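Here is the structure we will look at, set down as structure tokens.
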């Protein structure tokens, strides 16, 4: 399998991500689903619903954060050993444009992976009328919990 | 009215926060509610539900972020002029303990208020068996949108 | 002139950056100099000196931050109107590898520019034995101070 | 010895901080010195010099960051085992007021200490005409490198 970020993944790693994601009650509750799973790169989509809004009718930054955090977390997870799990240490998000549109897509991408800590870049795009606009940009630190299987 | 952070607020400002919060579809969807509204300090509570979890059954960082972001945003909003609205520029959150318990409570507190930008400190506590544990610690930058009423 | 990030700049804008940089006493004190000035993208180099170290002999994160902050600040400044100045609102830096080598190079790049606020991505590389290693990755929020000339 | 943040420290820990600080070439180069060393809380002072300025004559955010990073790092270090050293994973700093005055003082304070990771809050004050103004507010993640003595 490719060692390049964005490259293809072995089926069992894809399955491990899907199974873990399926256990995140919040993702289902927000209507979010996995859109892409690659080596060190995961995308999550979340269609618009009134249940996801802030006071002006745009997507609430909390929902944006939720899919950005999960996208980054699973991007890191694809690089971790089989018997480990992932923990978010911290993340930072700049909200650079109003999050309005038919759906959001969060992309998490590993920028530096280490034995204990992994750093991801986070991007969230809004899709409206076939256009994609960057609405959030972030950075995240993950911790690999060795010998603590995710399931 | 007190100019001290945490001091009492005029009724119309409290009402303005409550009305704006009620329009945040995400807060209702997450089961979150306003717990305290003071001058430059707002708390939001969110009881545990399986719909709020990450893969290990704890509160998902996305939900934690959502109430932390709203708590900080409304803390800033209490200091803004009447005809303005609030925008989150960015925030950063460290997840310092597993977010497990019967409920989370997010506290946003203004650390520095300016004409255009306001900085808040964010704390999120988990309540379990009558104990309160700090689970997240953050910092947030808000922007006051002058002459753009919130409603 | 190109509107693309990394594109060429008019001479007077280059001069404006150089003159402002020359007034930053800290840059001279750290031995840092401008390496590249483009539309929305500025690089700053800082050769190794014992006066720049932390306790283990590597570059101190404070020096790394200093050139990263200036690189991002001037990257934003290249996009600002002539009679304005630049202010750093906040920045966040992950230190992803030991900062050892013959020199550091910080690259600031505008990711989103707005009338009031601009967001930059920050990268710092260490150069050692002809190799370039990413040592820091960051994100920065700038404010454009309109009608407040820099000089 | 007290387990409370801000409490007194054993002499050998104070000495360990002082010796490590003395090896930070950058601190001497910036004219910074240790002002206070307590359990989980360290302060560093840096008097004004033209060599520390940004383009408008105030303290450059890079110097502010340098002393904030060291103050937080050593605050964490006071809680670490004897044969360990400290690494900054990341930090975030909001620059909330112009950093002008006769001196800056950075205060790092442990907010959460763990076996591997420690989170600190960072404050930097400017002193001018006997007044103290908050100029920067931050948050920092540290890593304890076990069995890797600092010296």
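Here the chain labels run A, B, C and D in written order, and each chain numbers its own residues starting at 1.
The criterion applied here is as follows: a contact is a pair of C-beta atoms (placed from the backbone, for glycine too) under 8 Å apart; a residue touches a chain by one contact, two chains touch by 3 or more.
The chain list, named the UniProt way, goes like this: A, B, C, D = PaaI family thioesterase.
Just so it is clear, the model here is predicted, and its values are computed rather than measured.
A centroid comparison over C-alpha atoms places C as the chain most distant from subunit B (PaaI family thioesterase). For the pair subunit A (PaaI family thioesterase) and subunit C (PaaI family thioesterase), the distance between mean C-alpha positions equals 29 Å. Taking each chain's centre as the average of its CA atoms, subunit A (PaaI family thioesterase) and subunit D (PaaI family thioesterase) sit 33 Å apart.
Subunit A (PaaI family thioesterase) and subunit B (PaaI family thioesterase) have CA centres that are 23 Å apart.
Residue positions of subunit B (PaaI family thioesterase) touching 2 or more other chains, listed in rising order: 89-90, 92, 94, 141.
Contacts between chains leave no pair untouched here, as each chain touches all the others. Taken in their complex, subunit B (PaaI family thioesterase) has these residues touching subunit D (PaaI family thioesterase): 92, 94, 96-97, 111-112, 114, 119, 121, 134, 137-139, 141. Those residues of subunit A (PaaI family thioesterase) that touch subunit D (PaaI family thioesterase) in the complex are listed here as 89-90, 92, 116-117, 141, 143. Those residues of subunit B (PaaI family thioesterase) that touch subunit A (PaaI family thioesterase) in the complex are listed here as 20-21, 23-30, 49-56, 60-63, 65-67, 69-70, 85, 87-95, 150.
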